[in-house]
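Structures incoming, each one as structure tokens.
What follows is chain A paired twice: with chain B in the first complex and chain C in the second.
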Partner chain A sequence: MKRVFLKGIKGGTGSTSVAANLACAFRKSNEDILLIDLDPKSDVGLHLGLPWQHNSGWSNFPNFESAIEEFFTDNDGVIFLPYGSNSLGIKRLQETIAGVSNLKTSQSAWVIFDCPNYIDLNDFSFTEQDIVLEVINCDAICHSLVYKRLVSLNQATKDWQHYFLVNKYNSASELESDLLQVWQSETPLLAPIHINKDEVIKESTAFKNVAVNCAPYSVAYDDFETLAGWLVSKASKND
Partner chain B sequence: MIKHHYASGVLQQFFALILSILFTEKLVRFIFYKFHCYFNQHKMSALAAFVTPFFLLFVALFIKLDNKKKQQLKTKLSLLYPHITSPFGSLANFVRILLQSVYLITFNVTTKDAPSRNEHTKATARLINRVFRIIRYMDSKLTRRCKKWWLQFQKKTNVKPLQRVNSFNLWQNRILKFVFYFMLAFTVLLFVTVPFSLEAQAIFISLILIVAYSLRRVDGQMATITMITLAVTTSTRYLWWRYTDTLNWGDPLALTLGIGLLLAETYAWLVLILGFFQTINPLHRKPIPMDGDTSKWPTVDIYIPTYNEPLNVVKPTAIAAQSIDWPADKLNIYILDDGKRPEFAEMAKEIGVGYLDRPDNSHAKAGNMNHAMKYTDGEYIAIFDCDHIPARSFLQMTMGQFIKDEKVCLVQTPHHFFSADPFERNLDNHRQIPNENMLFYGLIQDGNDMWDATFFCGSCAVLKRKALDDIGGFAVETVTEDAHTALRMQRAGYKTAYINIPQAAGLATDSLSAHVGQRIRWARGMAQIFRLDNPLLGKGLSLVQRLCYINAMLHFLSGIPRIVFLTAPLALIYLDAYIIYAPFIAIFLYIVPTLMQVKITNSRIQGKYRYSFWGEVYESVLAWYILKPTTVALFNPNKGKFNVTEKGGLNDVARYDWLISKPYIVLLLLNVLGMCYAIFRLIFGDVSQIGVLLISMLWVSYNMMILGAAVAVAAEAKQVRSSHRIKANFPAAIRLANGRTIKVKITDYSDSGVGIETVHEHSCRENDKVELLMSRGKKQFSFPTFICNTRKRQIGLTLRDLSLDKQKAFIQCTFSRADAWLDWQDNFKHDKPSYSFKRVFYTSLRGYSNLIFHAPKPFRPFIIFMTNVIEVMISLLPKKPKKYSKLYD
Partner chain C sequence: MHNIYKDQSNILTQYDIECLLNRFGGKDQSYIEIVDVQKNQQIFAKYPLLKEISHAKSISTLKNK
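So, the complex of A and B:
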């Protein structure tokens, strides 16, 4: 089981969209995929066709084992677990991650955790195979946050593979293209790919779906496919 | 009018009166009815309309003419005489009926749809088809067999015995070696000079042809070398035979002309042998990657010399030069402006490149670069003509050669042109037939490289400053400073290298006259070098280098020999001069197989770079024009000045360049008249001359074909785009105004627009604003564009008002991509002489029709008259009767 943790460096970077689209992109190449929502706003399901009225999730159950009923499968075969409506402490999060990791799945299955932006990664126990993708946007705030994060990562020893993933990149914006160029030339841990700003990502959520399904001829489709491919190459390097 | 009517009425009554004496009233009415019918409806002449009813009555005496019978007869006649036009009684129809009747009587043709006959033709067709298939099958089988035999043979022979001989003690003995070579030379001499009877020659030449034929498709260097050996043998034997057996010593006129032809043939033979030698083993040099440590890389200056080219041609080159992959602090770009234009200085400052001009313009391009060398100090100098846009990988591909071997002073890359040259444009075969350049850059330079004799071609090359300093800078004595400079560096002991990977692309000359002008300059320059710094003499060159240079120079002396070949057969036709004084059968046995053998061999060697017969066309176009400058330069090398080749122009209307094609039209007329005269002589002349006349006519018709193709080039096609579209195929994306993105494929681009193709039908409309997303390496760029045209899946985008940064980015994403010009040689299949012959033939026809179509005004009425006459003549000829189909039953 290969674990990918997706979190925004701040709110609103679009990490949930990335998680949902990435999951579907993996499905398209016939990988087994689990998508676990760890974010109390519990909106992963909205991308995958779950009605808004659906309120329950793993947080509404006393422990992970009892929440097994809450797993859904969407039309493409992405297995996902919504968060629910209870807000819970760090301990339950840790338990859920552990619980998912102990599920009997195939060796090659992927698990994507959609984490809230405020969690502290040091609270969780990672292995060297784990990949943490921190989603950032091309703006000055993220620039500062990235460097803050780099400092904190340098101070503590990290057990996981950490990458920054640029989302909503708009090359027409001078600031964004300049920032990206700066990051590409001097920021360590920047993923070599970025997700372009694309209206279809927004539009597809209006269809309760993901861009990978709605717009196969869009740049978004390519971006997520490349991202999935890159993750596969990272994971195979680990083996 | 009334009077006339009245008169005709009187006439009618008069005739009625006379007729009523002879015929019954019913018949008289019939005659008048028919007369009116024929006269008014069928528009016959009055006489014919009057006579025909009597004819009908006469016929009716023998045949019962009721309605049904009449209909049948009519149908039958219309089948037998299919080309009779509607006013029946014209003179032309009379001739037609006459001729057709004679034809119908003499040949047994039927209008019946005879199935047996049809079967017959089908069977014949099938038989022919089968024969062809069998021949093709045999051919392919034979070729495969030969390949197999050859491979087996090759497996058995290995190199070891040769090496052992080489290292054997006895072989080291100089005298023995000398004796061996002497004996070898003697044998060859014997082989070439031994006279053959006609039968022996027939057997000999057919044997050689069989070998050549069977080897032509066998892969491998050894097969090529064998074919070359055979071609050298036959052609040398042929030449020997020509010198010893075929000069007409009895007739001074024929002797003079014959010697002229013989000299031309000797020239052709020399060029052939040297060409074989030059290209026998092309060195396909591979680029050497640079060492990873960029701090040790040398500094490079890039010179972009310009004189009168427009700013929009030079700017992309300068920008692309800036984006070449090389440490920025070790790369300096200079625009060397001999036009001293302030806007160029401004542009250079704006984009951040150096700008150098000089007080005078002495020694043109070479002087310009020498001047620049004083003000710059890079260890290496890369030179790009101002329209050659370099790819980013240029220095990575070339610089490794210098690092590996410090004696290397020059690395040349091919000149590639993204626009069609005049030949390609006017003959409309861009990217279908290898152009004139291909042979040189695809094969000859690689061959030269094998012998360390790579030429410097003035652009797309890197030179070592130290080597240039050693020879005192670029050579200024001739108008082709490039070749002369390389020659001098080679004399000084430096090595040169050629890398056959296009790393820059430019504009081809845009009119035939400009193209010819450029070639005239090269020809003159080569002749100058030949006189001033003859590569055969002087120190420093190895024998093979000398031979390579001599071949290059000889190539430009082809003017006189080509014209001799184009006129030689006329000597016999007009002047009755036997310039090849030999029996018809001997001529046939020597010339035709030798030519075939040489053609097959050349087709094998040059197949991918030059198709058969096109070389003659290219040469013929230039022949007249390089004749004078080379001759003048040979006698007075210091005459003549450097003329700049014009590029980047427009032809807004299709026109015919009469001025430049004048010599060819004269030659063509000579040949056409010669052909007519030859036919006349064939019919009315001496019977004993038929053989030689036929051979001459064959030669004349070949010349007419080549000249026709040469004339076809002079019809300048329209050229409306001011910036050339370059074919491409790489992915990109667009973002529409509503924020959606679509993946696209870029199909072509120019400096002001892009053509793209979507996967599915799109919903874009004209004038929509879209963003074009292209990436270069990791970097992605976005360009604001407008849609200028849309079709199903294609969209044309125009770039408007790009900022300088965007312009740079655009050039980096398009022109200077490392893979931009890589598919250059892959488009062409190997030459097939028969196919190539067909192409040249059609081109030639096109040339003739061009001549008629573009004929000057005074000739127009004559041409229209002639075409009409020919049309009418053809319409008079008997036609095959129409077949009686089921429809009429």
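So, the complex of A and C:
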């Protein structure tokens, strides 16, 4: 099982959209994929066709084992687990991650965890094979947060593979292209690919779907395919 | 006759890269990273917050040395 943890460096970076679209890109390449919602916003299901009124998930059950019936499969075959409506502490998040990791799946299966932006990565036990993608936008606040994060990562005993992933990149913006130029040349741990801003992402969510099903030839979907390919190459290096 | 051919392109050719590798690379290095430091400094100068962060970063780098 290959584990990818997606979290925004701050709120609103679009990490849930990235998680849902990335899961679908993996599925289109015939990879087995599990998408686990660890964010109390509980909106992963909205990207994958779950009814808006469905508000239960793993957090509504006393433990992970009893929440197995809350797994759903979307039309593309992405298996996902909604968060639900209870606000839970860090211990239950840790238990759910452990529970998912102990599921009997094929070794080549991918698990994407959509994490809330406020979690402290040091509270979780990651392995060297785990990939953490911290989603950032090309703005000055993210620039500040990236440098603060780099300092904390340098001080921590980091086991996992950490990367910053630029999302919603608008190449027409002077500030964004300036920031990307600086990051690409000076910032360690920046993923070599970025997700371009594309109206399709917002539209596809309004249609309760992901970019590939609404606009299979969109720039955004191309980016997610490239991201999935890059993750596969990272994982094969681990093997 | 000198300067018959002058490369005006911004794109580095394989020959350019090999020349740079010979000049700056070591025996074990198979790649070099080219950073437009001047352009980055111009960007920092343009935005006060970026300038402040860059300044703080260079001070902490000096302290760590």
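Quick notes on this one:
One rule holds for everything that comes next: the second predicted complex is superposed on the first by the 239 of 239 C-alpha atoms of A that agree within 3 Å, B and C clash if a C-alpha of one lies under 4 Å from a C-alpha of the other, contacts with A are read in each partner's own complex, and residues count from 1 in each chain.
One rule holds in what follows: a contact is a pair of C-beta atoms (placed from the backbone, for glycine too) under 8 Å apart; a residue touches a chain by one contact, two chains touch by 3 or more.
The structure displayed is predicted, hence computed values, not measured ones.
When the two complexes are overlaid on their common chain A, residue A:H143 makes contact with chain C while staying clear of chain B. In the overlay built on the shared chain, the residue A:S152 is in contact with neither chain B nor chain C. Of the two partner chains placed by superposition, A:T73 touches none, neither chain B nor chain C. Contacts of A:Q181 after superposition on the shared chain: both chain B and chain C are touched.
Applying the stated contact rule after C-alpha superposition, one finds that A:P192 touches chain B and leaves chain C untouched.
A count of residues in chain A touched by chain B and by chain C gives the higher number to B.
Applying the stated contact rule after C-alpha superposition, one finds that A:T127 touches neither chain B nor chain C.
Comparing which residues of chain A touch chain B with which touch chain C, the overlap comprises 181. On the side of chain C, the complex with chain A involves touching residues 33, 35-36, 39-40, 43-44, 46-47, 49-50, 53, 57, 60.
Chain B makes touch with chain A in their complex at residues 733, 735, 738-743, 758-760, 771, 773, 778-782, 784. Listing the residues of chain A that touch chain B in their complex gives 169-172, 177, 181, 184, 192, 194, 196-200, 202-203, 215, 217-222.
Listed in rising order, the residues of chain A touching chain C in the complex are 140, 143-144, 147, 151, 175, 178-179, 181-182, 185-186.
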